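Provided herewith is a single structure, encoded as structure tokens, for subsequent inquiry.
By written order: A, B, C, D and E. Residues from 1 in each chain.
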Amino acid sequence: MRFARALTVAALALAVAGCEKKQEPAAAGKQQAAAPAADTILIGHVASLTGEQATFGESTDNAIKLAISEANANGGVKGKKLALKTYDDQGKPEEAAVAATRLIVQDKVAVLLGEVASSRSLAIAPIADTNKVPQISPTSTNPRVTKDGDKTRPYVFRVCFIDPFQGTVMAKFAHENLKLKRVAILRDVGNDYSVGLADYFSAKFKELGGEVVSDQSFKAGDQDFKAQLTAIKNKNPQLIYVPAYYTDVALIGRQARELGFKGPLAGGDGWDSAKLYEIAQGALDGSYFSNHYTHENPDPRVQNFVKKYKDTYGSVPDALAALGYDAALVAIDSMKRATDLTGPAIRDAIEKTKDFHGVAGNITLDENHNAVKSAVVIGIEKNTPKYVTTVEP
Amino acid sequence: MSAPLEAKSVTMRFGGLKALADFNLVMQPGELVGLIGPNGAGKTTAFNAITGVYTPSEGEVRVAGELVNAQRPHEICAKGVARTFQNIRLYKQLTALDNVRVACHARATSGFFDALFLTARHRTEESRILARAEEYLKVMGLSHRRDEVSRNLPYGEQRRLEIARALATGPKVLCLDEPAAGMNAAEKVELMQLIRDIRDRFGISILVIEHDMRLVMGVSERLLVLDHGVTIAQGKPEAIRKNPKVIEAYLGDAYLEEKHIAITPEGAR
Amino acid sequence: MSRVTEFLQHFVNGLSVGTIYALIALGYTMVYGVLKLINFAHGDVYMVGAFSGYYLGIVGGGGEPSFFRAAYVTLGAMIACALLGFVIERFAYRPLRHRARLTALITAIGVSFLLEYGFQLSPWIRTPVQFPPGPSPRFFPPLIDFGGERSIEILGATMPKIDLLGLGVALGLMLVLQFIVYRTRFGTAMRAVSFDPQVAGLMGIPVNRIISWTFMLGSALAAAAGIINASSRPKIEPLFGLISGLKAFVAAVLGGIGSVPGAMAGGLLLGLTEEYVAGYTDSSYRDAIAFTVLILVLLVRPAGLFGRVTVEKV
Amino acid sequence: MARAQAVFRSVLPFLLGLPILFAIQGITPPDYALILVSVGVNVVLAVSLNVVNGFTGQFSLGHAGFMAVGAYTAAKITTGLVGVDLPFVPQSFSDQAIFALALTAGMGTAAIAGFLVGMPSLRLRGDYLAIVTLGFGEIIRSIIENMKTLGQATGLSGLPPRTNLVWVGVSAIATVVMARRLAVSTQGRALFAIREDEVAAEAMGVDTTGYKVRAFVISAAYAGLAGALISHAILLATPRMFTFVRSIEVVVMVVLGGLGSITGSIVAACTLTIALELLREFQAYRMVVYAILLIALMLLRPQGIFGTREIWDLAIVRRLFRTRQLAATGPAGASPTEVRDDSTKGVV
Amino acid sequence: MTGNGLILQVRDLRVHYGAIEALRGVSLEVSQGQVVALIGANGAGKTTTLRAVSKMLKPSTGAIHFQGEDVTKLPSHALVARGMAHAPEGRGIFLNLTVRENLDLGAYLRKDRAGIAEDAEKQFSLFPILAERRNQVAGTLSGGEQQMLAVARALMSRPKLMLLDEPSLGLAPQVVERIFSVLREVNASGVSLLLVEQNAHKALQLAHRAYVLETGNVVMQGTGKELLASPEVRKAYLGE
């Protein structure tokens, strides 16, 4: 009966697994003891604090912490203090799902914030739906995040615009404002954000009568893009659209210039970071990118946020930080407006968010739970961002 | 009927080196043949060419009449040629029993499917293999070591286990590569008896490479002498011992003076 | 751009990436040569090398970008990484020297994780520098100022001067290594240890010390690669050794792991293959095609380009 | 009659296991469910990789690639057949039947992928095999990232929630039963023989190439199963879930558990998965602690948790249960395959 | 034989391979300037003894004194520094290095470049065939040439005691003669030898003293002549 023994072992292992997990509430209880549930509202955040995209998780988490401490300083919500619980997901969808489940079921968070990347938000969304806890993603721009097939996911929201809009904005800008006819695309093939933007840009630009002369790709983590850029340059485009994160864009800009490409580069909100200019060292002068906001915006709200963030963390907030901050603000605002602090009540309140003044633009949620807001186009001159124009949806 | 094993002008070249030249051997059923020669004479090369470890550069190897030149060792093994190794190559972390059972596998007919779904065929096969393996262990006097990990066995028993393992593949021809290396005189005498017993009991042909003259002369019915890859002599032990070429290349003068090199087991005790 | 120029431009680009791969691959191959261990943390040593240069460049300064500053930062980083290599070998690998090789591979993975995730932590030292650097990328300061034009043109193909210098330094280091390995007492001892550590001990060679030195040498080369790469592509972050490390490992295997000329050839071959694949075919399949080339080479030559297959004695 | 008996024996572990699994499924709160799923999936992965790395002694680093093949195949089937009901049966049953079909198909395609990868690459040894399997894994991922029908980098989302603890449990049992039956069968011993000494195995009639490929194919099939399960648990299949880092995680489990030890793999898979979960509180420090844990464990127990032995071979367990010595329980002994691959000896 | 005349003294040496005890308390002595032979069947523990003495293996218990100094705990390379050389079983030639590099490695711990070059020439005159191949990779040498190289390399460290493991293994008779005559010369120049040899006849002819090992134990010892004359030895090891 050897297999019987094997079976026992398997069962035992599962049981052990179960038991060990059972002890966990004790561990989690410590936190709860420090912040008793009665007068605290817990907000959950799933973020990539480690791994390839750790920098994004760090940005949003910092900004959310800021928003929460501000809210607490202003008296909290419904007389209760807010507390944040962040779990790391290493940038992996499976981990994001587990982390979200744990936040919802075990830590009983009122609202779930995150994730930055669409692929991870997609893993969290069904869990938020099933458990009836609202999820607000700061920056997941893939249209499918808030969709379950054709239906809109009732508990999933975002405070950013979506890829089709942003891709179109830049296509229109390139075609109409810059009057360009020939563009090339360089996309991060392993990144859903980049692929999505590139596809929508390409479709719109062609629709407007332009030509995409070259469509090249790279992979996040690559250091050298000269092969693709040489191929692109050989096709003589007037502009290169690089819908990628600033972590890669700066190097792409430098190498494009080293190869003698003189035209503009263009991109999306992923470009927005002070690091971009620090690393590019002027290589991106003359380029444009679409964004949710500009930190030059004189609105005191924006300036206040930029200053606080800089004081606390020592760097200028990037778009991810701004949107993370907005996501937290929307959550807090909705909780204030909600009839009670149950999931469905907060959900209803979030859904009614209209013309909310975030640091990254005014947020009105449409029937698909996407933020309807204008995009700004920012140009880079002398290695500093300059506001160029606003594109309404 | 064709001979169980036949090598016809087999030549092995490595780069420019001719390790074995024009090697001819016909093993008759039930025959005991010794293969001797100085180190590096090409004895093990001959073994490797016969058992498929090497593919002969020229010539033919036939097992029971079938040409097996390009075949891989496991195919040749399945056709009935088994071997042991000069430097013992047991499965060190497996038990004695399992070492032999692996060899029984050469004759197994069940597949992975049977093993995973515990078919009736699998069960009968397993019990058959177990019985066979235990029998071979018994024949080689290793039953008491059945469940011991093979690397923990004493040297002599490892040698015997290797023979048991080779036998378990159910060969028609058994090739033993220096089976007595590292055995003491008493063990060697036992081994000699054992080799004869195996031949009688299983009716197989045995080819032995051995340095110990007493053993190989005592046990072989026929001897082949290799030197620098060339067969310099072959014939009955008595004749080989007196062959001047062999004495010059290998045996040395000392052997001329010996009167009774081939000793009987009784004589040794 | 004419076809010839384009071809040449790709060649120049591929060369500059290939030398980086080659320098890292040398470390893999040397460590493998003496220990038969895939030093999984080697890519991260490369990363640490770049960061050491970054910190030295900021703190030590050395003033304005100059040749002196470049030399000082490069050598400093090489020494720092040599020490790191020593520590890794001494504490993570040596205790497992006589164990199964996969065991040491797991500690190597552990060390790799430790460096990657350790460097991703948010800083606990804030002045005069921030350490650990945290996940967001940092700008590697320019070490050398060429003044005037930053690039030169060769038959229509452009090459930044910094890349040219990097190429020169890399080739120089490879020559030095070649000299060390094949012309010095230490090199002979290293090759002896690589062939048979036990017998090497019988010659009076202090095997442990040779292995330590080999580790340090390999790590120093990785640091140099880190600096050269960061000078030309001045963005460094804690995970940037991961992909380069993997690619360099592929290059080492391609060349025949354990072979010094093999690592150089493998690195250059991989760099050029990637470049031409991305430049002339579909760049989205770049990695896939690079790996396919690797697999095809290995199927034809199972021990890599320069590796020798030894027939097992039966 | 004998046939019926054989069938009964063959499925007995599942008959015994199912009620337990349903009970576990019934009582497990939802937050533990997902963790148990990932524990189970890791058990499937580790045990199946052990068949190649531990039993056969071949160093494969491509498990994640096969997971991806299985996951995408199954996802394509379940999303394609969403809303399709089998006639005459309740809908829930129909869903489960379709899922079973999807899992089987996932195993099948992964097995085919395993065959295609294994056939050419298994002539290579040691690190060369490792790098080639890693390369194939990356090629598979690269192809997925470029295929529009597979959703490119975004992957396939909105998969129906079909994975539950019963499916995972059954899969884990199936994997363990597979490995165990293999370990005590003549086929499994042939694999051990290949690990111990390939030349001798070949000489004793083991078709080493054929057996290595078979082990590889079986292992790949179960990796495909694991991929299909995890993707239907988080309702998503993206290329990012199947990077080489995932393969490395599985190798870590196998080595930590002890090469060749099935129970070792199970324990290591459970321990590591749960440890990582417990460490989640540490946020960014989590992976640092994990790394230190890994190094410390390996330095303290270099042969893995159980060496090549099984849990019941350990003296302390023996004393506890007074089990009779099992006849030939696979390999025993202290250190795992101490193979120093000298194929490139001294080319420096 | 006085204690002062001993160059090597081994007491109660035990070596374990896992659970197996390969040496079960071997004691032996080598006097200054003597040739001592170890004979015995394969697996009796001869090679293990040599390896334990030169620290290729770690002995479990026992004491080793070299030139009066306790060297039980020292590593291989420290023993070389003290004047012990070991030409291991299977010759241990670095097949990837040239003949000259192999010789240079033999003198690894010596610093006198001139002396090393001089000694290398000395070896070349002792083995002219090696001189012809000095820049050839050792892997291309024949077995006999490799064995000569192994002996030459061991001599490069100017040892006081040389351990030799099966120097005649696999060699043609005339090469064996050559090796043994070299060994005689070497010994005459004052180097003590501890020799493991399967060719017991040759070994005992050369040896001043000899030990017979069986299954990890010394079962007999005496002068070379005594053992040559012993009926047991003649029967068991000389094939008579």
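Basically, a residue touches a chain if its C-beta (ideal position, glycine included) is under 8 Å from a C-beta of that chain, and two chains touch if they have at least 3 such contacts.
The model shown is predicted, which means the values in this text are computed figures rather than measured ones.
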Taking each chain's C-alpha mean as its centre, the one farthest from subunit C: B
More contacts between chains, C-D or A-C: C-D
Furthest chain, CA centroid comparison against subunit D: E
Centre-of-Cα separation between subunit B and subunit A, whole angstrom: 71
Centre-of-Cα separation between subunit C and subunit B, whole angstrom: 51
CA centroid of subunit C to CA centroid of subunit E, Å: 43
Subunit B-subunit E separation of Cα centroids, rounded to whole Å: 33
Where subunit E touches two or more other chains, by residue: 18, 94-96
Junction residues of subunit B - those touching two or more other chains: 53, 85, 151
Shared interface positions of subunit A, touching two or more other chains: 50, 54, 189
Residues of subunit D defined as touching subunit A within the complex: 12-13, 16-17, 20, 24, 28-36, 38-40, 43, 145-146, 152-155, 157-158, 161, 169, 172-173, 176-177, 180-181, 184, 230, 233-236, 238-241, 262-263, 266-267, 270, 273-274, 277-278, 280-281, 283-284, 286-287, 311-312, 326, 329
Parts of subunit A lying in touch with subunit C, wherever the complex brings them together: 50-52, 54-55, 57-59, 189, 216-219, 221-224, 226-228, 230-231, 233-234, 247, 250-251, 254-255, 258-260, 273, 275, 278-279, 281, 315
Residues of subunit A touching subunit D in the complex: 2-7, 9-11, 13-14, 16-18, 20-22, 24, 27-28, 31, 49-50, 54, 86-88, 90-94, 97-99, 101-102, 104-106, 118-119, 122-123, 126, 131, 142, 144, 147-149, 188-192, 194-196
Touching residues (chain side subunit C, partner subunit E) in the complex: 185, 188-189, 191-192, 194-196, 198-207
Subunit C - residues contacting subunit D, complex: 29-30, 32-34, 36, 38, 92, 95-96, 99-103, 105-107, 109-114, 116-118, 120-122, 181, 190-191, 194-196, 246, 249-250, 253, 256-260, 262, 282, 284-285, 287-288, 291-292, 294-295, 298-299, 302-304, 306-310, 312, 314
